[in-house]
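Common to both upcoming complexes is chain A, partnered first by chain B, then by chain C.
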Partner chain A sequence: MLKYLIEKEFKAIMRNKFLPKLILVFPVMMMLLMPWAANLDIKDIKVAVVDNDRSQLSTGLVNKINSSTYFIVERYAKSYNDAKTMVQNGEVDIILEIPENYEKDQVREKNAKVNISVNAVNGTRGAMGGAYLSNIISEFFSGRNVSGQTALINVATQTRYNPTMDYKKFMVPALMTMLLTLLCGFLPALNIVSEKEAGTIEQINVTPIPKFTFIFSKLIPYWIIGFIVLTIVILLAKIIYGVSPVGSLATFYLLASVFVLVVSGLGLVISNYSNTMQQAMFVMFFFMLIMIMMAGLFTPVDSMPEWAQLIAGINPMRYFIEIMRMLYLKGSGLSDLTRQITALALFAAAFNLWAIISYRKKN
Partner chain B sequence: MRQFLTFVKKEFMHIFRDPRTILILLLMPAIQIILFGFALSNEVKNIDIAIYDQSHDVASRMVIRKIGESPYFNLVASIDNMNDANKLLQSGKAKVVVIFESNLYNKILHEGRGDVQVITDGTDPNTSNAVTRYVQVIIAEAQQGLTNNYMPVNAELSMLYNPQMKSSYSFVPGVMGMILMLICAMMTSISIVREKEVGTMEVLLVSPMKPIYIILSKAVPYFTLSLVNLTTVLLLSVFLLDVPISGSLFWLIIVSVIFILVALSIGLLISTLVDTQVAAMLISGLVFMMPVMLLSGMIFPVENMPFILRAIAQFIPAKWYILAVKKLMIQGLPVKYVLTEVSVLVGMAVVFTTISLKKFRIRLA
Partner chain C sequence: MESIIVKDVTKRYGSVQALRGVSFSAHKGEMFGLIGPDGSGKTSLFRIMTTLLLADSGSVTVDGFDVRKDYKRIRERVGYMPGRFSLYQDLSVEENLNFFATLFKTTVEENYPLVKDIYSQIEPFKKRKARDLSGGMKQKLALSCALIHKPSVLFLDEPTTGVDPVSRKEFWGMLGRLKEQGITIIVSTPYMDEAKLCDRIALINEGTFMKIDTPAGITSSLEKKIMSVKGDDMYPILKALRELPIVDMAFGFGDMHHITLRDFSTTTDAVVKMMGNIGFTNLEVREIDANIEDCYMILSKMKSEN
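Presenting the complex of A and B:
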């Protein structure tokens, strides 16, 4: 019986004018565009320089800043106010003001200061930019310090798993998760309720099909769609960005299949409780946005306050993003991921049980 | 006019008789603003750190004490071999391991040079960068303490417009753009397409009302609802998140209303393009939400993107709206600084409305 029901679901999806296109085109479009957009790399921050000193020292400092990959000295301004107008027009992000007699004071008293004003409206770019710029200035002076007192402790740094600090490598696995969640969450959420709206659910309700079988027949097509989408995005990630999982592909598919069950289960639960597609869509959106925001996709979970970390703890997407990033970048095995796997398995079981229980054959 | 009002009333009833949707429509903005404002932060903190101290002397202890005191770090383990360090990093239990070579203090005193190794988990490049910087600063401070050789402060940093560096300052304009877009575009398109799908559109079209008024009456309730949401968001951000409205409230509202009109016209456009609710929802939801989140500069700076994406971003209304809100609300600039943004938004509203009115078919196929 299950076989025929699944056949029916696939026919319903394939004969829809819009869905098969969406399932194929949406992932491709997202994978082509989004890794380029989701980029918090700090580079090419535009600096306006107000040089009131015009000495050898100030020129040296400006050259040092310009030579860094983080900054471009975009404009020279006559005065601070002039530079402030540039910030207001969005032409530059940071103002570096060098006071008069800077070189002389530096030589004489060793404590002349430059002023850095950051346009802090742009969160990361502003904060990081300001910090980097002070660092570069400190480096400039410690490099000039001839007494040799500065570098007593030598700090050697080593970056593992993503040595080139490529932001795309970090975002691609997370964007894959987002895609999978959106497609395998929204489509099931609209499914049962669309049968309710169309009235075809009545026909199912008068058949001897058990609830369990019915829910399964709704789940399995999305599970298979999940696999198709996943395969497309893995291939695209490999071809376009040269990013492929360091860990085993089998582990990857195994865990992804559990995750698809989680989101599809959630979608079916919402579908069961909704009377119209509009309702289902909005409830799903509501949960989706919270899930995406609280998943550590855009900002690290560790930076959240404690109550928010608790919410993140009951967010299945957060665990899967962790799994994806660990598999893709670190090549972690199943044993490193037990915590996340347990969480996902629990979510999958809970949501799908709930979906079966909440589905009522009586009106 | 009375006819028109009757139609508007009908649309309002559609909304009010579905309590779940209305609840979500009103709650979603509030919850998002709170989550964004309080929970999300770009600042890197609470980093799990592990220490491998081979030295156990004054120098290493001093650094370790400073790390323990730092609000950025969370000391999770002291280990005594490299194997453990690898395991901690691999399993993600520590984001950074600091390794002190043996006899560190002696080497500093006699050879004038000691080595400390910092291994970071580079999965997240920004976190890893920040962590490295934090550790370097802590070690530099410890070194000053050890040698009594204070380094002069070279630069004074001031944060314009956002002195406390709150993330909510940059997120609030983004959330406003996203919520208004989502609600207006999606709701309008769904409610029109729904009438097509259910078949009641035919009934409306044979009524003596002009088709344009039918469409307008669909837009009025969602316009009102968006104004309610706008008020909620502004009140919450001012009184709960302490994000000030530094500029003129009047112009902020005007710009928002223009943006709402753009979103409504996009909703109309979608409704003329598709025939089923599912398609309308998925287009307005997936095809609009993702780009708005990613390309509008709400989270990721547009300046960082390659040329093609920057070009695409110019066509995203939310991008212009967010820019204008940042300038008006956070930076407190006078309205002449947002003229470009405003005219682009007005232009978009005109273009979208014209296209959708042209495409709106009075006759059903």
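Presenting the complex of A and C:
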């Protein structure tokens, strides 16, 4: 009987004019666009220089800045106020003001200051830009320190697991999570409620089919769709970004299948409680947005306030993103992930049990 | 043997009392009709009898099984055709039938003789999707699906609403043949002309049964004289009729009015004369036998007056 029910679900999905296309196009678009759009790397920050010193030192400093890939010295301004107008017009992001007698002070007192003003309308760009610029300036001077006073501590940073600090590598696993959540969460959420709207549920409810079988027949198709989507995404990640999981692919599929059960279960629960597709859609959106924002997808969970971290603790997506990043970048095995796997398994069991209980043939 | 026994069933939705204690029973192989307008509680009663809805009070047994305790047994043995077409629109005729047969752990082949009469009419279109069928064909498919597991009781909630007159007639013919095979049929309809095709009917109004009897029993039990009145200016005539002291009730009935009279001895001439006195001439007044609709109108009027 289950086989027939599942077959029916697939027929319904495949005969829908829109759904099969969406299931294929959605992951492709996501993979093609998102890593670029959600890129946090800062490049090409435009700098206006107000050089009141016009010395050899100040010119050297400006050249050093210009030679970095992060900055473009866009304009030279006559005065600080001129530069400010440029910021206001959106022509530049940062003003670097070099005071008069800069070189002299630097040589005599080894202590001269420059002024950096940052346009922080775009917070990340502003903050990162300011930090990069100070770095470059201090680097410039440590390099020029010919008088033997070399820096006492030499910090060498080594980035592990993502040595080139490639943002795309970091984002791809997160995007996979998001895709699975969206497709395997929304589709089931709309499924049972659509049967309610079409009236077909009435006909099903008078048959002797057990609840358990019915819910499973709703769950398994999305599980399979999840696998298909996942495969597409893995292939695309490999082809386009050259990112492939460092960990084992089998582990990856296994854990992804548990995660699909979690989100599909959640979707079915929502579907059971909703009376219209609209209602199901908005409730699902509500949970999705909270889940995505509190999952450490864009911002790390560790830097959230304590109460938010508590909420993130009951967010299944957060565990899966951890798993994905550890698997993809670090190559962790099952034994390293026991905490996350336990959490996910519990969520999967809880949601699906809830879905079976909350599906009522009678009201 | 009683196939269905309904006792004092009530159901309330918030402030709306949908069923106010209804009772009836139908024996095996009987065609029992629930006759009443939209919103009179027919669908609620159907949903209670098919285990989709719990009654607030009262009891229902189907084939000796209680709808509360033995709902699983009931689901195995009843066929239900909801008022709204509720098969899978994306599946073909054939797939729908196979699907429902499988849900009841049977096959189309096994019970084909039962549905043959109906299904053979749509079989030429078996590859067509349910959504592309005409109204009459959809209904035949729905009936086939409700019958495919050989139910002992068939519940049909307004099966002919929105179906053309020819298909309606055909449909009732098919029900007659099913009845002969011993299937108990509970059917609801807002069409009074279909009521007389049932063995017994219950007239339902605002959640109560006004009368349960055979169609003939209902019309003959009405101890009123009824006449039809036809004239040129129908609406003023209706208003005038209502004012006449000899007329008990007057209501529109298609292209004529029906009136019931207070006194059995009143003749058609008396009515013509009285109407003539207040300026209505050229009236066609005839004595008629009461039909189910007259009975329904009269009973509900009497009920609301009490």
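Things worth noting here:
Operating definition for what follows: the second predicted complex is superposed on the first by the 361 of 363 C-alpha atoms of A that agree within 3 Å, B and C clash if a C-alpha of one lies under 4 Å from a C-alpha of the other, contacts with A are read in each partner's own complex, and residues count from 1 in each chain.
Keep this in mind: a contact is a pair of C-beta atoms (placed from the backbone, for glycine too) under 8 Å apart; a residue touches a chain by one contact, two chains touch by 3 or more.
The structure displayed is predicted, hence computed values, not measured ones.
In the three-chain model built by superposing on chain A, chain B fits alongside chain C with no clash. More residues of chain A are touched by B (comparison of chain B with chain C). Residue contacts after overlaying the shared chain place A:K361 against chain C, while chain B stays out of touching range. In the superposed model, A:M1 makes contact with chain C only, not with chain B. In the superposition on chain A, A:K11 makes contact with chain C only, not with chain B.
Of the two partner chains placed by superposition, only chain C is touched by A:T200; chain B is not. In the overlay built on the shared chain, the residue A:L24 is in contact with neither chain B nor chain C. Within the superposed three-chain model, A:I209 lies in touch with chain C and out of touch with chain B [touch as defined at top]. Least inter-chain distance for chain B and chain C in the combined superposition, rounded to the nearest angstrom, is 13, based on C-alpha atoms. Taken together, the two complexes place residues 16 of chain A in contact with chain B and also with chain C. Of all the residues in chain A, the ones that touch chain C in their complex are 1, 4-5, 8, 11-12, 15-16, 198-209, 361-363.
Contact residues of chain B toward chain A in the complex are 18, 20-21, 24-25, 27-28, 31-32, 35-36, 38-48, 59, 89-92, 95, 104, 108, 112-130, 132-133, 135-136, 139-140, 142-143, 146-147, 149, 151-163, 165, 167, 169-171, 182, 186, 190, 194, 274, 276-279, 281-282, 285-287, 290, 293-295, 299-301, 303-306, 308-309, 312, 323, 326-327, 330-331, 333, 337. Residue ranges of chain C in contact with chain A, taken from their complex: 50-54, 71-72, 75-76, 78, 80, 82, 84-91, 95, 98-100, 102-105, 129, 145.
For chain A in complex with chain B, the touching residues are 16-19, 22, 26, 30, 33-34, 36-44, 87-90, 110-111, 113-128, 130-131, 133-135, 137-138, 140-142, 148-163, 165-167, 170, 182, 186, 190, 194, 274, 276-279, 281-283, 285-286, 289-290, 292-294, 298-300, 302-305, 308, 311, 322, 325-326, 329-330, 332, 336.
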